[in-house]
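In the part that follows, the structures are each spelled out as structure tokens.
Two complexes are shown next, each including subunit A; its partner changes from subunit B in the first to subunit C in the second.
After this line comes the complex of A and B, so read on.
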């Protein structure tokens, strides 16, 4: 799978290649400690076509690097290896289980006259460690969400089961990695929260509590609107990865039948005399179908201690989506799904239109002057709240940004600087072409602002950022 | 079974000498007095009222059989009717001659059906040919005619509460003509017709006064018609038809109470409930006319509760005849000798008791399963508070635990009443503040027992409930959140202790992320105490620190607290930058900052802070030194010790 998307540079016939995935493998040195058994260490290797000995060589190299660097700092093993052509990322999510991702550096191909082969120039400094390191960690979290830990599979069915699971999961998952569009948001892995007034929020609370009472099987509930989170009964870390799955994978896969025309077959049916727009995004596509299957994806949460396996039911009405999580030992049948549908469908439909109405009212009150003229990214480590006016709506395939990649790179660099110290700080960078980039860190919050003002000086930029904080973040404590 | 009786007779009935051949008993609904007239009054008249003050005993000459006897309001003048032509009067005003005087009705050939006092000195004679409204002049011992009206009268009913007199006219007697009285004036209200179940031929008097009662229900005057079961129509049983009689405008048939049975009935009105006694089954039914929304013109009601007998009454044995060993005698309920008067009086003339009928609310808890309906019912009752609170407790803890939607319904009903009261109170306060001229139009709203506020709910229901070990914490949180939701829905500001309850419960069960989300959406309203509470949680849940600071910031009145928090975190520079950003650095205590800076053991930080305040002093006073009041001497000498004498800023000499 080569993900090369050439970008045409102006004038010259230059070809720009974005970063792409060269290989991805998982190994455990304990599984083949003796010479001649090296292959046993390898649990998963992508691309699969690679010759066995090369696989062994690559794994061995990684092992050696990690082992070697450990001598310098035993507590913090190497996280990445920079080379001219590519960069390797190492991650040990569970003891002795190593995940390695090799990313090819972006490059520019310059044509040469006289039919000579083009000159290739690798841009080895363009890749930010923290971004791709986070991508690798996310790969593990996503695997764990659907499969539990590596050691769990190993304990249940040995290497055979583990490799099976890894292959099944990563074969598809790696195709959805879009390394060319990874940026600061991947470092944060934040959650976008839906802004809502207190009353509507309380109504949602009330709805969740009542449903959990009537359907006592439901252990956890999460409520989203417009792909933004409103309520999570799951703990923060579990919600973070579930949110990622929902917003980048599940939701984009489902077109909106409520947007479909009146006579469209996608339009939901009228159940009895109660019109509601509720439908299952996981499980049965159509309850009326006698052949309908009542199988739901299973997820693993609280893997740190109790490790619960749950059915994940995602039910949606208009823009409101609710995740119901039920202990996996329970068999879910038609009867339960029908009960859920008839109970939740009408209420959720009503609630969704309430939220929509309230949201529009609030938007009207706040008025257009509150619309951000600024491009910024905000992230709060405490509640993982993120907000970006730089990114367009996330698509299934790519996340679109409205600023030049060079600026995104600066944001990533500032973030790395912030990560190094605990103190609050502020960094202002003058970028090319009239852009100013400002990074602020206050307690657990980070704010990145991109300003485009001709001939602005440092003081003016500082004032501008103060103004932004006063309008956009006036209800939180943000040190100047 | 004992706790199922929802009606009872007053514990201390008014006792009087029972009716006999020598003792006639009369009851006056206006003053609620029982008259025991022995031998036409010659051997004594004993008047017993609801309290001792209204009880009187006197003698009068026996001038023939007494037909009717009543005091005017305040026991000023006694009126006695002995013949169909005249009424006799006796002054009971001190210093006025105690002599009887008599007044004949002015209409020739008319016979007096009765009379009623409408004031302390105003009286209406009702004759078969009309009414005569008089003013009694006790000093002159004469009556002055104020007004009269001629109309054929079959019978009449007087409602003393509203001073409305109802006359039965026409041959069938079913056209009722009401009159309203007010000091010296009499006004004719619009007449109305009671629909009879069948029209007899030839026409004859078909509506009896026994089947009509008048009472006020929810501050409105109603005429209640007991419509007996008729064989011709296919009605399953008798019913009570209510006609609403407004002060102005036409009388309308508004409610029908289905009795679902036949036989002999009597009606009382207690606590705005219509009580219908059924003699043959010895049970009573109660109806609340507000308990169903109007649909169409006439509202049909079923009994609120299943039929039950009045709580058995034991006659207390008093006086010398009572031996201590003797058990009190049970009293015969629904006896044929009972007379029922409006609104809530039951008299047993043969036994000499007058009771007030009362509604007990506690038994309704078990008789009315629908909690929403029960709440509607209870909220309109007089002594409802404790019962309502016990319903709430029961639905949260008891065996018949209600589900959350029931809980929500109940909370919403309570808060609706609570909100109405708060609004009225606010409107009143606003009116009072706007000046006395307009305030007279507003009456201070009465706080009825139905107003259940947050402190009631907290003290009697929620604090106990949240302590219960056997209740799942999920349910506890859901209930408290539901209550907060309901308060918010009615825009009632939530009291701090409810938030504390939520936080306490969440913290107890380590549900910090849940708490975080609530705060994120400002479900728990910002306040200094709440911010301090959060701050105290920091050691167990670090993000509480951020939440607390955010809250203090939003309050905008808590800048001092923010500085304190930051200083306690040794964020001295941060604190200084903050106070400068809010413009408070001119008045900030230098000592406080210097203390904190010293504690960090960071001499450069200390230097910076010291320098900052020197510069400030310079700007404010033209001298970098500290005032003695600032108590910074210790820090000045430390500064000199560390950085040298020369490092101290010198006052610029101009």
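After this line comes the complex of A and C, so read on.
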């Protein structure tokens, strides 16, 4: 991305370049242990047009860095390399399988006089390691969600199958990375939960139970409304990465056509079904189509022990979406899908309507908020609950924030401080812009607040944060 | 055993020579004048000049070095030693009646100097200092001799890996120059890997900065032909570790000069710099110990010993009056803190002594027990002032055998030893007249309880407001570390907390104005304004209101005490000749 900011009256401009992906590769040193076999170590390399010897050199550098840090700590090797021009992040998700992401540092290009080429100045301190380290880990988790572990592919079909799977997955996935938008939320990898009254929650619970009883093939279910999770039968870590896939990849792909006009050719055909608004987001796009395919994406869960392979059925009505997960050994056919559609469609439509009505009632009672009174990020490590008034609604997986990027980085710094210790802590800082940033950590919960009260002192800032906790987190105790 | 025997033999040899030297002093001096000139010329032409003189410094505390030196070296050392014993020798050559009187005085001084040297050495040995591995007849107790050496540590052992911080210095050719722990030979392959990493990244038109793992930060820094690497499991920021490497580099420059280092490696890329730095490892070791334990380095400021302003002014006046051409700095140090400093007027206009240079000088003095044995005349480069030129430093303790008050006189003239030594004598006489040493001995750091805030445990304060337009030496003040920071471990923990605050508040990309951190065992506050920089440590249960009130009170207290805590009005002198001086000379 290119952002231009005018600096001189003559029209000469400084150009600011945000961080971008330079390369991404995966290697296993065991596959090419002898000299002359270096190329065999490389399982995947992006960009693909890089010359072979350069790939080998770059992998060699990573091996040298890892080996060097092992001199001082054999069990905890390197995680990142900082250079003038870029950062390299290292992740060993499985023994001897290394993933490396190389991110170019943000740059400022300054014009020179007399037609000389512009001067490039690298901003070496702008990238926060924990953010991009988390992004690299997400790359692996997403691959594993759809392919299982590296070892699994290798055991099934050797290096050849593994490299095929890596190329197939990462070729598309890397295009969806938006490194300039990564921030503290990527460190948390949290889940946004939908606020719900007890009665409506019980209705949803009842719905899930009935569907699982009628469709006995369904092993796991997850229920979301408006991109927020309400109920999940999956383990936390699996739900975490599935949630990310749904909210940053699957849902956005289907939301944009839906926003199109009723008569738009992009709108899915529903002429034949006037009973409900339900439809499949995975699998058959139109049940009425004789040519419809009944292939669903497969996902892998519980990879640490049983490693289950499942069909992922995502079915949506209005703003409510349900994930049904069925053992991959089962063949899903038209009969099953029609049964699911006729059973789930009407009920989900009604349920979505009820949830929406209840939500609007609650909003009417509490009053609509045009602008959040407080800008904060909240995260609970125990249930992965995440809430942010700083981040605006996500569009096409690009996250926009309503505060200056430097403040987001200060949040990242405070988060790094919290990650070092187990005890409860509080950090309050005043930035050079006179914004106040408050970080609170208590009982595995973290809260970060940004306050624009330039003339406030420490005591007043503290009172303001107390007020926030009273209104937003009255059930949670924060150390003061 | 044999080694100890040799040591003992050397001591005996020195003792035997003692009586014969003294009565033959005048003739001996006459004989050696040509040799001295020869050595001086030789020193002037070769890059090994600092090595020779530093060897001389080592020589006075390590007698065993003597028999292993080549003949020219022995000659030079002999001259040096002789000059130390007979500082007035050159004056006796004229044979004038008035100087005959001076000769008598000088003889007395020589005798006193020699006695002081012997007593100082004896004291050192009693305290377990001085010669390594030597059991001297003067040592009456069985106390261990000197700190244990890290040179021979096993670099494959876990204990080597678990050091808080490793520092390596190597040349561009990958030649090992220095390692904080373990011998350079044993680590040559590891250093080779470091250089390979630097070169590899460089070949991609890039520069390696650092490597991070869960437990370690590795920082790389290249300065000219040298590469410095820090491997740390402390929580310091990369910038802080880099600043420490700058200190290591500058300490090396202070011994060799930057121009000399550059020239050496231009001439021979593969040069083994250890040949020039041999015997200096403990200076670099001492520096690395200091940067960990002394917040002066973190704050880039000088710690001043609190002193009544009247006494400080009196000491400054003493220094101001003892001048000679080419003298540019006169510095008085007590208990490793600055008492006072006087600068040549012209120097002040052009430049000033930076805290970083003073840190190197203080480390040089503190790291080597040789300076306690008498008076030292040594070349020293102050890299922040001018990285390519030497000053010549006269260094002498004024209070043997305690050796807590040290006088440093810096001159630009290599030949000025005698005139600078004369300044020292004047200073010493004036201080004796005023009984200054006793007053200085009473001066000490203050307790934080004097501020009168119960929750305040410790603080560091660095003022930016300067009363005059002088570009002043940056200073800071800090009370003693007391309970619960009495143990070395707790002191290090508090300093680490301060380093955390410092790293965040001075971040290169996102600096801050204020940090308030409630941690498990204490509450910390760091505050930077245009007038000061403040780091404070409170008990963990302090409320924010109490903390703010405490700071208000603390700032008021510092304001009230600032005349005692800081050198507010640094004095200066002029060493340019004037008619009145000429008149005095005639009278004399």
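Going forward, the second predicted complex is superposed on the first by the 443 of 480 C-alpha atoms of A that agree within 3 Å, B and C clash if a C-alpha of one lies under 4 Å from a C-alpha of the other, contacts with A are read in each partner's own complex, and residues count from 1 in each chain.
By our rule, a residue touches a chain if its C-beta (ideal position, glycine included) is under 8 Å from a C-beta of that chain, and two chains touch if they have at least 3 such contacts.
If you're wondering where the values come from, they're calculated on a predicted model, not measured in any experiment.
Engineer: Look at where subunit B and subunit C land on subunit A after superposing the complexes, then choose clash or fit.
Structural biologist: fit
Engineer: Does subunit B (first) or subunit C (second) touch A:236, or do both, or does neither?
Structural biologist: Touch status of A:236: first partner only.
Engineer: Looking at subunit A, does subunit B or subunit C touch a larger number of its residues?
Structural biologist: Touching more residues of subunit A than the other partner does is C.
Engineer: Using the superposition on chain A described above, determine whether A:82 touches subunit B (first), subunit C (second), both, or neither.
Structural biologist: second
Engineer: Which partner does A:160 contact after superposing on A: first (subunit B), second (subunit C), both, neither?
Structural biologist: neither
Engineer: Pick one for A:443: touches subunit B only (first), subunit C only (second), both, or neither.
Structural biologist: first
Engineer: A:69 in the overlay: touching subunit B, subunit C, both, or neither? Say first, second, both or neither.
Structural biologist: second
Engineer: Is A:424 in contact with subunit B, with subunit C, with both, or with neither (first, second, both, neither)?
Structural biologist: In the superposition, A:424 contacts both subunit B and subunit C.
Engineer: Would you check which partner chain A:196 touches, where first means subunit B only, second means subunit C only, and both and neither mean what they say?
Structural biologist: The answer is first: A:196 touches subunit B but not subunit C.
Engineer: What's the minimum Cα gap, in whole angstrom, linking subunit B and subunit C in the superposed view?
Structural biologist: 6 Å.
Engineer: Which subunit A residues come up in both lists, the one for subunit B and the one for subunit C?
Structural biologist: The answer is residues 424, 479 of subunit A.
Engineer: Touching residues of subunit C toward subunit A in the complex: what are they?
Structural biologist: Residues of subunit C touching subunit A: 161, 166, 190, 193-194, 196-197, 200-201, 205-216, 218, 231, 233, 235, 238, 500, 504, 507-520, 544-545, 547-548.
Engineer: Which bits of subunit A are touching subunit C when the two form their complex?
Structural biologist: So the residues of subunit A touching subunit C come out as 57, 61, 64-65, 67-69, 71-73, 76-86, 123-126, 129, 406, 409-410, 413, 417, 420-421, 423-432, 434, 457-459, 462, 479.
Engineer: Looking at the complex, which residues from subunit B come into contact with subunit A?
Structural biologist: By the definition above, subunit B touches subunit A via 403-405, 408, 474-475, 477-478, 481-482, 484-485, 488-489, 513-514, 516-517, 520-523, 543, 545-547, 549-550, 552-554, 562, 574, 577-578, 581.
Engineer: Under the touch definition given earlier, write down the residues of subunit A that touch subunit B in their complex.
Structural biologist: Spelled out, the residues of subunit A in touch with subunit B are 193, 196, 198-199, 201-203, 205-206, 209-210, 212-214, 230-233, 235-236, 380, 382-383, 385, 424, 443-445, 475-477, 479-480.
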